[in-house]
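Supplied in structure tokens, the structure appears directly below.
The chains carry the letters A, B, C and D, assigned in the order they are written, with residues numbered from 1 in each.
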Amino acid sequence: MKTASALNTYLKETGGWVAAQLEACTRCGICAEACHFYQALGNPEYAPVWKLEPLRRAYEQRFTLAGKVKLALGMEKRLTDSDLEHWSQIVYEACTVCDKCAFVCPMGIEIGPLIHKVRTGLAAAGLVPGDLAEATDKQKTIGSPLGVTDEMWRERIDWITDEWEATIPVDKAGAETLMVFTSIELMKFPDNLALIAKILNKAGENWTVSSRGREVVNFGFFEADEELTKLFMHRVFQAAEELGVKRLVISECGHAYEAFRWTAPNIMKVPEGLEIIHITELIHQYWKTGRIKIKEGAFDGETITFHDSCKIQRLGGLIKQPREILQVLAPTSFKEMTPNKEQSMCCGGGGGVISIKEADSNRYKVFEMKLEQLQDIGAQAVCMVCSNCRLQFVDSLAHFNSAVKVHSLAELVARALI
Amino acid sequence: MKEKTIYEHLREKGLSRRDFMKLCGTIAGFLGLEFSPPVKALGKLVQPDPARTVARALQTKTRLPIIWLEFQDCAGCSEAISRSSSPTLSSLVLNDLAIEYHETLMAASGFQAESAKEECLNKYRGQYVLVVEGSPSLAEDGIYCTVGGKSNLEILKEAAAGAAAIIATGNCASFGGIPAARPNPTGACGVADLIKDKPVINIPGCPAIPEVTTGAILHFLILGQLPQTDSLKRPLVFYGHTVHDHCLRRPFYEAGKFAASFDDEGARQGYCLYRLGCKGPTTYNACPSLKWERGLSYPVQSGHPCLGCSEPHFWDGGGFYQGQSAALIPPTAQTSALAAGAGLAAGAALAGINSARKKRAKKALASTAPTTPAESTTSAPPDKKEG
Amino acid sequence: MDWTEILRFSRGPLFHFSLVIFIAGMTYRLVRIIFLGWEKDRVKSQGSKLSGVIISYLKGLIILPFIPWVRRTFKNNALTFIAGGLFHLSLFLVLIFGEAHILVWQSLFGVSWAPMPNPIVDWVAAAGIVSLIILLINRLTHPVLRLLTRLPAWINWTMVFLPFVTGYIMYHHLWFPYEVIFSLHLIFVCLLLIWIPFSRMSHFLFYFFSRTIHGARAGKRAVTP
Amino acid sequence: MANRIVIDPVTRIEGHLRIEAALDSENTITEAYSAGTMVRGIENILKKRDPREAWAFAQRICGVCTTVHAIASIRAVEDALGIKIPKAANLMRNMIVAQQFIHDHVMHFYILHALDFVDVVSSLKADPKKVSDIQQAISGWPNSSPAYFAEVQKKVKTIVDSGQLSLFSHGYWGHPAYQLPPEINLLGVAHYLECLDWQSQVTKIHTIFGGKNPHPNFVVGGVPLPIDMNSDQALNAAALSVIADSIQKMKSFVDQVYLPDLLAIAPYYLDYAAIGEGLGNFLTWGEFPEGNLNELDRLIFPRGVIINRNLKQVITPDPRDAAKMKEFVTHSWYKYRQGDSTGLFPWEGETAFNFTGPKPPFDYLEVEGKYSWLKSPRWNELPMEVGPLARVLILYATGHEETVGLVNSVLETLKAPLSAVFSTLGRTAARAIETKVIAGLLQKFYDELIAEIKAGRTETFNGEKWEPGSWPKKAMGFGYTEAPRGALGHWVVIENKKIKNYQVVVPTTWNASPRDHKNQPGAYEASLVGTRLARPEEPLEILRTIHSFDPCLACAVHLIDARGQVVGEAGTGFNLVVK
């Protein structure tokens, strides 16, 4: 039953796009070396190409003659329930869908999106790890993976408004910009929410948050369940339509950005004329157009570096914006980690990994490498634009008793506003 | 009257003992005897002093009777042997050989010619060497080549029966040659394809290098046996290496310098002719080492690619001007289109099956999927465009 | 049947047959994939697809094999990269600029060009063979590759190695009579041609799909692929 | 049929020829039939091949006249494709042809023809001193001492005494038709042997220009050998000096041995000035173009037809005239789709096998029906003689100065009238006269080649039309040459870059052709009628006349793919010859 669902999903998902890339793979194994999980843990099964195995088998065995012949000759194994369970661990707990592998693949195979398809099949088979499934269920039923109910949300907003003296317009019809935050910011980094509000207000933005579309994080997207993915985005889009906003701003969340900016138009109806951007882009715009001014050299002194988030930088292309701002904030002490930009290494917490308890050891192991990168340049602080990353950094740095401070870009900008 | 030995003939011609030994050394060198292992000559194993081996043979042998038959030939090999330089035909005829039957050269005709042959067949039964020029033709029981009203096959069998050895000279007699070229209208083949119970050696070439033919005959004359051969029955001493192996232009091949056309700068400089279709690399023959007309030239030296004329069926071995690696039957545009069409049909058929399978998968998923959240239906995603 | 006849058979009917199978097989592969359907991308671009594709090919074709250090991640893959790159380079140079191969192209397409000097082709071919051996050893020892490698992959390696090594032996006139090794070379090439459409060796075609997809996807997002 | 003799094989020719002759009670030939008995089917083998390679296949039609088919073939292809070759290449080709003539004619006279007139055994009775005197009287040839001739005599004696007569065994020695005194016989034998050595040293032009002989290599568009004075792999000064030396060797043998011998032997056989006339119709296609292929006025040996001995009217035949140039198969083992009594123009020619002859073993051919593998080519429905006599007559009739002088001087020496040329002796003399003319031409071509080289015009190949892509979809060409044995034509049809049809009409097909649709005999058949045989069982007289044509049978037979057509069942053990 599980296998059937997974297989059917794979067949449904396998268009020419998927097939051509599966065909292009030469099994050179180079992708393994790009994978932080493989590098950190040395398990050959973490090689990205191996993560595609269920999809490959489904495609080859069902759609190609050669595959059928190989199957008949016993050169190929059929997918079984236990196979799928096995791969569930591999693709959910040892993959952040960071897609770095695509950037090293000599053939340029987009392995990340293909792994996403593998997850889709597993989700259909009901093989999503418990923690992730639980969080998703919460988002589905309660509206937030962290279990933030409508009421809690309102209270939290009020509290933040008070605490940081930030004006946060809620459900303001006719606003220009709809700002959607993550529960992580709301619950773990409320300052970020407040500081972003401060920036928006400073810029004189006509903005609002929505109680209906209050969660930007998309656990359906982590799971790769398309229906849920759509559902969660639908809530936000509906809010946007109701409020009549022209612009949807995704706060500091990588997967959300990927889902809203780069996926939504392909799987669902996006309100017409709605511009979807990331908060980093917005801040950069403000600064460039002079709507906000920031103090030059505000954070000069301690060595600060920037962590590129997979979905925002490598896949979102927002590479130069944060750097331009950091160059202003810390012209002398800003230092790049190696590798960086498109080649940067994932923090290890994305793709839902951080929400899976069983993956904690993997996650910390991977972070060790990140830590080394930080130490290599003697970073005292690290800045990023994804609260998922930030959560991983904060948690892992504490785990390793590191003194490196973690900032969000918005936070730094807000603190340097003049 | 007692038949004189070759040595006696030579002495009569005024050759001194000293000159005789020198000649023997030359012949030995020519036959490649220096490089031979100990030979079993005249019944006992001798560690050969090559010149002595030759000398002893010439001192004891009478002139070797030769029957020369021509079948489907052009007489080119006879012409060639008439230009043999060492030994010359006249010295062979006068000193070493008794050519008892040769249609192009002999004085007698018709009945007399046939009777000369018959007499020789009887008189020298078991002693004469049968040289065959031209291909026997098998089709229609041999009516494509008759002599004296007899089919060539019959003539060959009759002459082969009493032969001590058979030498097939030229590509036609060796492998069928041009008559056997596609479509081989007359069922031509090589002598060795027909005569299995006699020692046969092939001296292919078109024509055979005369010195190679005479060398093989002399080898038999001197050592009483045919030279060692390769798998195609060609004497190793002459066919042990390819034309390419000893080619004058080999250094240019190694350096990757090729003439691209006749009379271009490369051709004038003597660059390798591989590109113009030279078959040297797969052609076993002594052209570049012996050359033609007393070492004057050979085809590659004269600017023309080797045709490969000492190889079986060289007429059908790909174009003479087509590089040796070139495809012999390049698929035509039509064939390629047909192949692509077949691939297209197969691919499309499979695609049809796959798309049906995909539809089934979607259907199956829809029936088993958890109920779709009601909310999402209000803004249905655009239809996916999928095949 | 002697070797010259086998040679003629290999150069003639066998090669012809192999090419036909190759053409039919590759068309089949291509059609099969194209007919699986392509989703339209409705996402608004923030960069340039075209420049992404161009950069993708530049990196994929030139930079990766030549300068592995442009990608730091490759330092752990130096062997695969250098050997793999060298092998492909060798394959293309030998195939396109080897005198004998130019004649094949000429007989197939009627056009020819200047060859590279044989000694260079020779060294390049030797490098290709060494690369293949290194790649084999790598495949035998690397844990990921051992996991990934099944029988077809071993066949792939053999299918490529045999034409390479027979070609090399042939050029140097080693051990075998020329026509024997020439025939073997051609037979192995023909086997390879027949094998390609039914194996991962057809990646030479799908390379263009995956690299284009990758380049377009990255370019569209204003990312350097 | 009162008395019928068969000569099979006719030896000292190229190929396989059978002659049957019917004799009256006086042993005079009343009817003669000539038949080719070997076929290979090269025309059919040529089909579907690359026309650039045709020369190599065609060349193998004959190894004696080795180059002629190659020349005709490349000219046919060049004619079809409109290729013009550089002047140096044309000169080199002319030199190849000229050398072929000289070599072949001298070789024919001594090796293939002389033994019909020279009695080897009789030479043992000669006085070497007298032979020496004769030699010194007729030319300045250095091998003229009594000791030299004594040595030759000794060699012959050794062979005769050895009992291994070799090539000379079973000759018609002592036949009453041998009329030379022993001394001239010894002279002939000496020169027979000298010729064997001489001929092996005068094919250097072929070997240098074409890599070997027989069957040197050619190339459509020029010659394969480039000219470069600074290269050791091209025609350079060293090679040119070898050629110059070779030309001298040829000229001196022709001047000092061949012509004097002919004039020394001829007076004893003047009866043959009235025997073996043949048809009286002559044809040449022409040779030695000085300009492009189709500039007929620049052919040194003109193209022409003489009908019925009429030297006053030389017609220029057009090989492209489908109405005049035809081949018939009424008495040949072929069939035409439109019926065997029609004639076909070679471009539309067919070579379809139809063996209706007796099943071997057989005594006689069925001469009322088909009896030869040779077709019957006819010009304007007339049989033609081709060869040296035809060429010399056309040169004579068109006023070629040197030829006219030589013919007149020979006739004067032999005190014979002009009509004596229409004979066996005339044919043999024409061959010698022509050899002399061509030896002069060879020197001229050589000198012109040197001049070209000096002027820096060293191109030897025109590659414009080399690539098949540059050819028209369909093209037809005619390639001509004068082979030593006579006019040779190749007709080629090229379609889709391959040979569609290829027909060869060779000299021996003209001369040895069987009867045609009008029952007109071929040249051999006509020439034998009226010859009286002294000993029918030793038909030396027939050989003299047949050999005077220099038969070359390999060239003459056509054939096709006979697969699927069952004809004839072989017998065994048959050993007939004279009846």
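Note that a contact is a pair of C-beta atoms (placed from the backbone, for glycine too) under 8 Å apart; a residue touches a chain by one contact, two chains touch by 3 or more.
Please read these numbers as outputs of a predicted model, since none were measured by experiment.
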Item to check | Pair of chains joined by the greatest number of C-beta pairs in contact | outcome: B-D
Item to check | Approximate Å spacing (C-alpha centroids) for the pair chain C, chain D | outcome: 59
Next on the checklist: Could you work out how far the Cα centre of chain A sits from that of chain C, in whole Å?
Outcome noted: 37
Checklist entry - Where the CA atoms of chain A average out and where those of chain D average out, how many Å apart are those spots? => result 95
Checklist entry - chain D: which residues touch two or more other chains? => result none
Checklist entry - Where in chain C do residues touch two or more other chains at once? => result 29, 32, 34-40, 42
Next on the checklist: Can you pull out the residues of chain B that are in contact with at least two other chains?
Outcome noted: 350, 354, 382, 384, 386-387
Checklist outcome for this item: Per the touch criterion, the pairs are A-B, A-C, B-C, B-D
Next on the checklist: Taking the touch rule as given, give the residues of chain B at its contact with chain A in the complex, in rising order.
Outcome noted: 350, 354, 357-358, 360-362, 364-365, 368-369, 372-373, 375-376, 378-382, 384, 386-387
Item to check | chain D-touching residues of chain B, taken from the complex the two chains share | outcome: 1, 3-4, 9, 12, 62-63, 65, 70-80, 82-85, 88-90, 93-94, 97-100, 102-116, 118-120, 137, 139-151, 153-154, 177-179, 181-186, 188, 206-207, 248-249, 261-263, 267-270, 287, 292-293, 296-304, 307, 315, 319-321
Checklist entry - Which bits of chain D are touching chain B when the two form their complex? => result 6-16, 37-42, 44-45, 50, 52-53, 56-57, 60-64, 66, 107, 111-112, 115, 120, 154-155, 158-159, 161-172, 193, 196-197, 199-201, 203-204, 207-219, 221-228, 231-234, 242, 353, 355, 357, 360-363, 459-461, 463, 466, 537-539, 543, 554, 559-563, 565-570, 572-578
Checklist entry - Which residues of chain C touch chain B in the complex? => result 2, 4-5, 7-8, 11-13, 15-16, 19-21, 23-32, 34-40, 42, 99-104, 106-108, 115-121, 173, 178-179, 182
Checklist entry - What residues of chain B sit close enough to touch chain C in their complex? => result 231-232, 242, 244-245, 253-258, 274-275, 281-282, 311-313, 316-318, 322-331, 335-336, 339-344, 346-348, 350-352, 354-355, 382, 384-387
